[in-house]
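Heads up, the thing below is written out as structure tokens.
Note that the chains take the letters A, B, C and D in the order they are written out, and that residue 1 is the start of every chain.
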């Protein structure tokens, strides 16, 4: 299928609308991003890629990284990962403590903050040099070494980390955090500070479209079955308490970040990344969701 | 793809395992079903159908019917249906009142009991003869007139309806039920008492696989976009607080019923119905979930 | 102690303030009461009674009756009453379903709606003619036969009873209602429709001040220990999610009703009833709470 | 009234019963206390004191201290203290995070952990040398300088402080903690490590019985009205999710600690302290509650 004209139309239509939403403003590094930014990159398994707007500009991928840390941890520890985190949609906000308390410190899924912190704890236990090994892993996924963390972003997040500190301490009280709580928070904020362009992000998610195989190296990243499972988790849990809405409107597995990025996958066909910093009240990119809805509507192709 | 050998292998393997789980026992009509029953029917859009076991025996489809009543109501009232019911996974049990109270009488989605009761209320308002018109609608979907309600089942459910009565009264107190509460409960239990064989059920769901078009008549049931949306709701909400687990293991949109049936859809390819009355503690068919997981694993084909 | 000048001062000061709050408006019988009404009656065990304002006018005592139905049921069935209702403050609104669901149909205490419905269910099981026997019981407590129900009020409440219907059905689903749900609701609304003057209400509560003995007949109503226990429940649970506030400001066990009445008790000294229909957002009489706070502040006498 | 024979009977009866319950075991300092310990001390305003058992042995007063830190903070900052903490019973466990999240970081009352942490934060802001000034304050209340902290206990608690760290971080995220979270935790654990004998504890609470005036020095500690208010909070909130039960059985305002102590007050008459380390599943001393229930039953005197 020819996605180029569709991407162009999507970009054109949405660029012409007056943008709505709010930039994340709890740290200066996010608050100072221009709200006008808007980029798309679609990476087709058939070799046809297309892009529009600010698709070559770096942005903070934030929570999108949680899918990749989950992939690495799932690959390392296998099925026993599910003893420490569930796979159910939370039905609540991304940083809620309520369910965590009722459910004795086992997070609902690995894509809410609590679950991502458990995944960080696992990687710290399993890796010798977690920060560098994880960075190398993501560079490998996207076939480029130009990806890096933003230490200033990480430091700034750390200063406002009280709610995440509450989560990690609560889980520690239930025995579901094995390392020092500050060590876990540090690693968490470091990986969330990763910066990519739309192209790099679409490339990093392309192995899901390719059912677990790295398109660039030809190496298998994870089994086809595990790729399916992580995609299923994205579909049901990738957008916090708006997961149903995204699934309903877009019909693709995906993950959003508070920096305004969204990565999504059409298994067997393509991966796609969108970036626009203006967020709705649920913390998801307004233009990003619209762009992906328009993409699956115009192409008449989604997983459903 | 040739599904016949796969279906046969699935049936063979699972039949040979000692079955686990419990038959639903809150009414005699369900408690008296033989726990040994086990049937599968796969309806392929390419004309290749295959079946195994008790696939031609009638069973009570129960909550599976909620997908079809949603389809009819969505078709009649259009997008404004979402003012009265949301599309988010609930993260809680199928008959919980908690979220309903916090969220002012708006059910999380149309596939939990509360949401299905709102859909019933809508159909009562919109149809002149709701019971007969809905029955005719489902008969049309599956291309057979041999489908009917079981009035004894409906009457028996009604006698144990206290929790559903609580739900409908709570929503009425918030103004989200427009008809008499007993009328709504009657209609709800009547449609849940519908009986089908695996073949009939697979046929009734085949228009989702066919993106909204009736395979038998060639008529469009709902738009492609609405078909995608209802499938998305099945994917995120079809299995109550086990929706993530089903999505994770099976990777198809589907819906279960307390009678032990499950209907699922692989858009563009097939619909499938499984029936085995033994339920896990979440109320979903143990063998049914296993059979569908094995089907997507052996065929290496799911929506992800 | 001489309470007459204090009551007069309380009445004078509060009458001169501009009243705030809202009259309960969910049924016409309550909405049509004049918001200006304001009465107090203090019944002293030393024989010195005093009153001010509209203290001889009938009003709907509503939830205040729950203390008296509890007393009758506790007397009849004894300690085993606590198998069906707890004695803990709820921390939530008077008609919440949330805790009831988490706690498997056992209401937090007998003074929230759910608990009062269980008490009604018990009285229906234990009495031959519940309505008349309970009315006679309350007439006996206050030493007058001029007390009666208001059938029009009861009928009007019944029409808006959806949330109470939800509560009673939810408890029935857990097995904690033994009689027909409509029978329980009927009895509940009948007793809540009871009308009294401030004098009659203060007299009806005087046996708590007198540690279980009827001041008028000299008969023991309940044991001293049971009187203490019911007073303790009033103290911790009598004002829904404002119980702490009332205890904090007033320092007496008491119970409010949505009709604007409050009955309170100073054990060993007096009972007191206040009536003013203007309610705060928690559903408690604004002037009633102020009057009682001023009474215990000016007299420098509370249970603490 | 002559309490000596009653205290002796209470001690005799309960000593002869086989003790039930569990010693708090989350830190070695508490786990190693002999479960046989049992002491009572009643401090009468009429000068008649009486005691039994291990009433002169030091124990860790733990949460009982929260009443005294509240008193000091209430005295210093006055009514504006209630902008940062409410006075309602929580209806939940002592260290729950659920309500705190729903209620935006404002704890339900100052006697649950979250509320006590806010009080600590206030004292840190208001005092130059919080640890020493608070110790001096308590020494003054009980008229003895033999009271001190146990630094080893404080250090040990700090090591298992994950849930309290979650609470304080969650409140900090809502802006309701003004000092460094570790500083607040340090002060909290220090004051909770205070050790007293039953006699010292009964003396420390005697100003509540004396309506705000220090019995030993004759100085007013707090106004009569504030004394009433703090007593009211003890009555409704002093025993976590068992506050209703304690009020119901004992009928006095009181506060328990996980070290097995309970302090209670009969305003105008006496203060009393009991100590027995065996706790029920709610964390309150089994023998302590029994002793106080027997005391108010035998003396036929409670606040109700």
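As a convention for this text, contacts are C-beta pairs under 8 Å (C-beta built on N, C-alpha and C of every residue); 3 or more make two chains touch, one makes a residue touch a chain.
Being a predicted model, the structure only gives us computed values, none of them experimental.
Asks: Touching both chain B and chain C, which chains are there?
Replies: The shared contacts of chain B and chain C amount to nothing, since no chain touches both.
Asks: Out of curiosity, which chains are bumping into both chain A and chain B?
Replies: Under the touch definition, chain A and chain B have no mutual neighbours whatsoever.
Asks: Could you state the distance in Å from the CA-based centre of chain B to that of chain D?
Replies: 55
Asks: Can you compute the centre-to-centre distance for chain A and chain D, using the mean CA position of each chain? Integer Å is fine.
Replies: Taking the mean C-alpha position of each chain, the two centres sit 47 Å apart.
Asks: How many angstrom between the C-alpha centroids of chain D and chain C?
Replies: Centre-to-centre distance between chain C and chain D: 32 Å.
Asks: Could you list the positions in chain D whose residues touch two or more of the other chains?
Replies: In chain D, no residue touches two or more other chains.
Asks: With touch defined as at the top, which chains are paired up in contact here?
Replies: Applying the touch criterion to every chain pair yields A-B, A-D, B-C, C-D.
Asks: Which residues of chain D touch chain A in their complex?
Replies: Within the complex, chain D contacts chain A at residues 96-98, 101-102, 162-163, 165-167, 169-170, 172-173, 181.
Asks: Which stretch or stretches of chain C touch chain D in the complex?
Replies: 86-92, 99, 108-109, 224-225, 227-229, 231-233, 235-237, 241-245, 247-249, 251, 253, 267, 296-297, 300, 302-304
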